[in-house]
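Provided herewith is a single structure, encoded as structure tokens, for subsequent inquiry.
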Amino acid sequence: MAIAEQKLTSTAPTTSESFQWRSWLATVDHKKIGIIYIISAFVFFIIGGIEAMLMRVQLGTPNNTFLSADLYNQLFTMHATTMVFLVVMPMNVGIGNYVVPLMIGARDMAFPRLNAFSVWLFLGGGFLLYLSFLTGGATNVGWFAYAPLTQTQFSPGQGVDYWILGLGLTGVASIAGALNFIVTVLNMRAPGMTINRMPLFVWMNLVVSFILIFAFPTFTVASIQLLFDRQFGAAFFNPALGGDAVLWQHLFWFFGHPEVYILILPVMGMISEVLPVYSRKPIFGYSFVAFSGVGIGFLGFIVWAHHMFGTGMGPLANGFFAAASMVIAIPTGVKIFNWIATMWGGDVRLTTAMLYAIGFISMFIIGGISGITLASPPIDLQQTDSYYVVAHFHYVLFGGSILGLFAGAFYWFPKMTGRMLNEMLGKVQFWLMLISMNVTFFPMHFLGTEGMPRRIYTYESGMGWEMWNFIETIGTFFLAFSVLLFIYNVLVSLRSGEVASNDPWDAATLEWVVPSPPPSYNFLHIPQVTSRRPLWDAKYPHSTADDHHGEKSAPSQIRYEYSHEDSPGAKEIHMPTLTYMPMVLSSGLTVAALGFIYINQAILGLPMRVASYVFIAIGFVMVFYAIRGWVLDSRRDSPYLGHH
Amino acid sequence: MADHDTAVSHHEEHHEAHGTGFYWQVGGVLAVVTAAEVAAFVYRDLFGHVTFLILLFSLMFAKGIGVVLYFMHLRGDARIFQFVFIVPFTLAVSMVLAFLVLFSHHVGIAG
Amino acid sequence: MSSSAGHTHHGEAHQKPLVGSMGVDSRKLGLWAFIGSETLFFATLILTHLIFYARTTNTLSSVGALELLDPRLGYLAIELTTVLATLLLASSLTMVLALAASKARDWKRFRFWQLATILLGASFVGGQIYEFIHLYHEGLKLAPAYEMHLSHEAYKALSALNIDPSIVRLKEAGEHATALVPSLFGVTFFVMTGFHGLHVTIGIIWLIAIYVKVLRFPESPENPMDIELGGLYWHFVDLVWVAIFTLIYLI
Amino acid sequence: MRKDARQKVMLAMVMAGITMVLAGCANLPATTMYTYGDHATRILDLLMVVFWMAVAVFVVVQGALVYTVVRFRNKQETTALPKQIHGNTKIEIAWTIAPAIVVLIIAVLTFRTQAANSVMPPEAIKIRSIAHQWWFEFQYFNQDGVSLSTPIVVDEQNQPTITTATDLYVPVGVPITIQLDAADVMHNFWIPKIAGKTYMIPGKSNYLTFTVQEPGIYKAFCAEFCGEAHAQMHFRLIALPQAEYDSWKVNVAKIPASAAGTVQVLGLTGDAARGAALFADAKKQCASCHVIAGTDAKGKIGPNLTYLGSRTALGGAILPYSVDNLAKWLQDSSAIKQGNLMGRVIKKGTLTDQEVADLTAYLDSMKLSVALPAEK
């Protein structure tokens, strides 16, 4: 009977008969918002992948003329920007948005409207970034945009301005989202869900949110200053006028290095959820795994200059940053060992999600090891800015983040859609992706040691780089095919996939208590948590022997909930109402940002500037209208005024 | 982090209710400190540069601490607020110092 | 600002609204975290200013012209700034008094102090705008060089040093002598203090909104928390000025 | 199917490990695995130690992972719960310390190499390299010997005795310090077989010291993305025995003999004298960007073309030097190097083929006799 109800309450856009735009555009439901994040991040993943393939085709043969130099430069800049800011970050946020409140036994994020605001603002930023392709060329200065190449005399046109403001919007969205996660995780936990009982995925989201709100401001300031350089004749990063080119690097990497942990830590959290479930064991060394995450997050703030060993800081400073960087290997190693130990002695079930999790560990080991060589300044001086470093970060970002995200996708897809993904297809896709990613990225180590600089749109023949480049280009096509397989799998499974029960994986955490997909209010009855594995302990009351800290806990009071929107009692649950205001606010900011791009482009003449002022005006009108409506809405929903 | 769980028992509005008189006192002290800062600036030739810096920094921190502890009520408020403010503050101070050191002198060797 | 689903959290069990598993108000926790983030925002602005200011003074002292051309002594009027700092500090005091009044449910006193805060804040912004205009006319602009008007003695002293014109360019037109010094002082100063001023302005709007709301719904039980939140942000803006005042104007 | 697939992966990884070593063994034009300079050699020595430690770590951890999965994977759908182990503090501490020891060793070795690679002997020959979009300029001075306190400052008193581009001539066996500057944006100075990278930063001078151990012509690049033609910003390091270097330094400082002679190019006969006249002709704009010693050509925007005839490469070292390539470049340089500055002025058809031939003859006529070593 549960199954019948699940069909009724399915929130999957493609399956739900009762699909209406309003329920999505005006939603404040963390689950729908999460799905919007996930879908848009996946679309950007396809776009970024296409950019990568175009580049690989160009590099497949020496002296190739498939792409022009300028277009190639735009592509590699946008590929990196897309993958970092529009794919991995929002994908993490999306899955976190969906899963975290369920895991901690909450009915929504702490600030549902702020949550909606974040997702729409993120889309606004992505829109601006890609609009630049149509308005005279996207940014072509590399994703870390080293000064003074970003100054107007070297980069005329608006590409860089689009980049600054697009990332500015996504940055605001990320900070708002991070604040939301912090408050949700700290303040919305179900009774008994103490900090040291939180699932590790929740832990990592908390850590990442703190990293994010501490790291992003530096980049925000730097990009504002760059905007002033370009638009108002300041010279922060223009040495010709007394500015400092290296200052940009320091400010950027003070944000940029923590950023890479923002990309990987939530995925490590997913792995720490997936491995125990398919090993049918608890995570090994819970507190070590949690605190190594905290440690990595902290260390991430004192190693930024290891991206800049070549700038002449001197052996002393280089030595300090090198030592600090190497220390990161310790908590990372601890995590890997604990993951292996989690499977040790377990009942390991090689589902697709599990395969991806194991693939993550395996590939991350390679990326971590190449990271150690890069952390040593002398070696770095040979390997940085060569294809070796390209190999390194693709092993941690693709072999790491992306494989981990696929693990998460296969693990939580049933919860999100009420349908299982096809395991057979999934496994084929896994092996295809694992092998083709190694074919694509491993030879880059060789190319780097053979002296191929990164970011070159072509290379002469006779350098000995031809073979590996060609092999890599072949690899990308198989990689692309494996992604197509996944899309096919999703589309098929959404229609005719096996229907998922509440708890198809025999899992341990609270999101598997509620129906798949869950009703808008998540829990009919907020569970009382008494251990780290509330659902597990409820299912296997006698398996809780040797509990953490020997604390012998009575099994949590968990009931499977076959509830849906019109279950008895559901009506009493007060959820915030639909509102368009967050979307209006984000659109207003996006319009205003678009105006700011042209605010002082003397070359474009008066009409353009007038247009920009008009845009800014419209934008701010929308902003103020939205804030007003927002305040009124929140008053209508105010808990203090009782339910209505 | 775990120790913040002890804050679960905490409850809102538990910081000792200061009388308005107390706020006036704090405000007065802050005004005096500001006056002292300006005085120190006007007569900066009287002391050595280092003394001047130490003096002004301590006065600045005194003022800041006054505002944070008593106007923002961080003193006696939930521990989580202290954590959420003190950590980034420490990070910010260390960042500023690190950058000032890094930019004090360009060595010129990649080493 | 944003509403909270926190209250739905403890569903049936009737607990204090908005007080979650940390035993604190969700919006207050969020605001504190935001303030933590803002701390790094302003730290970065201040640090940029310090780096470039040190650079300017180094160049000037290397040619022995520091006393005559130090932009801070040359431009920043300590009297005005002291007044501004005092205004903002006072507004912090009135803010906390307004909060105390609201906790005592004395809305008359609250309105008085809240209004005082808003006015003090507004006069700070006014003073800052005056300062900006004044500096602009003095020759400090959002440009990588500043032009300092020189007394006759100062001009003589400087020309005696015969400094490389690429470092300091001296001009004399009849009575008026000026020195053009390449420096990012103006750029960093205006951007930093400008962003602080922007925050003050937002704070004022916020305080006005609270004032209006309390005026309309004096009985709403959420007033004290609304006021406390606006106050927290306001005190933080004041806190930033405490740092800027000392680091930029005095030291 | 799972089983042999996994074996395939393992096999692939072992193969990959081996091929990496093999790849290192091939002496390719720009490999960092065959070094001829002390700086790069020290780095390679360090890398090799770290590499084998890394291989060991890789085998142990990857092996442990694969072994665990193989051994504990669920064969038949058992339902019996495995023992619920939550952790073991002793083991945790052990594998916290293990990686700590490994990185400690690497750190110590690293510091030693850093110290050795940062030495700047005062007797070192000092050359200044200025990076432009998208070519390298090299300046030689009489004052040799450098310390950080005395960066080269070019002014009326101190003019370079030699200014050249694209080919960096150095003597073998003596320490050389390059002062690295940038004229426009950030660049990065990299001679893979000789030394690691160092940034060339506008407004800041960096210094790179190395000793070339064998005569040879070495490939070198700009390694930091610097704009549209970054991919085509190369140069050549030409290391000569001391005696030949000294004679080169003397000869290259002389003013080229007055242009004479002809070359056959584009099926035409180019005449050097006519070419010289063309070059000096203001309408042709050559002289407004380029310098040729002993003529009125004093432009500083483009590379110094004195003795272009004895360059080993053209256009930022992307074309080997030959009269045909030189003519191609003069005809339409932006077809060869997108975005290059000359291409914006001298477009396809700006010069007639005859003019190109004459200019080629003139530029080719300025030759020095240098016994060039082999490409390494």
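In order of appearance the chains are A, B, C and D, and numbering begins at 1 in each one.
The rule is short, and it goes like this: a contact is a pair of C-beta atoms (placed from the backbone, for glycine too) under 8 Å apart; a residue touches a chain by one contact, two chains touch by 3 or more.
Model, not experiment: these values are computed from the prediction.
Note on interfaces A-B and B-C: more C-beta pairs are in contact across B-C. Rounded to whole angstrom, the centroid-to-centroid distance between chain A and chain C, based on C-alpha atoms, equals 34 Å. Centre-to-centre spacing of chain B and chain C amounts to 16 Å, using the average Cα coordinate of each chain.
With centres set at the average Cα position, the gap from chain B to chain D is 50 Å.
Residue numbers of chain D whose C-beta contacts span two or more other chains: 114-115, 117-118, 196-199, 204, 206-207.
Within chain B, contacts with two or more other chains are made by residues 4, 8, 80, 84, 87-88, 91, 95, 99, 103, 106-111. Chain contacts: chain A has residues 182, 186, 213-214, 218, 243-244, 246-247, 310-312, 314-315, 318, 377-378, 381 touching two or more partner chains. If you draw each protein chain as a dot and join the dots that touch, the picture is not a line, a loop, a star, or fully joined; it has some other shape. Interface residues of chain B facing chain D in the complex, by the touch rule stated above, are 106-111. Looking at the complex, you find that chain D touches chain A at residues 2, 5, 8-9, 12-13, 16, 19-20, 23-24, 26, 28-33, 40, 42-44, 46-47, 50-51, 54, 57-58, 61-62, 64-66, 68-69, 72-74, 78, 80-88, 91-92, 95-96, 98-100, 102-103, 106-107, 109-111, 113-115, 117-118, 133, 184-186, 188, 190, 192, 195-199, 201-204, 206-207, 219, 221-232, 318, 338-339. Within the complex formed with chain B, the residues of chain D that make contact are 114-115, 117-118, 120, 148, 151, 196-199, 204-208. Residues 68-70, 73, 140-142, 146-149, 154, 239-240, 243-246, 279-282, 284-288, 310-312, 314-315, 318-319, 322-323, 326-327, 329-330, 333-334, 336-338, 340-341, 343-350, 358, 361-362, 365-366, 369-370, 372-373, 376-386, 427, 431, 434-435, 438, 442, 445-446, 449-460, 462-465, 540, 543-548 of chain A are the ones touching chain D in the complex.
Those residues of chain A whose C-beta lies close enough to touch chain B in the complex are 182, 186, 194-196, 206, 210, 213-214, 218, 244, 246-247, 250, 254, 294, 301, 305, 309-318, 377-378, 381.
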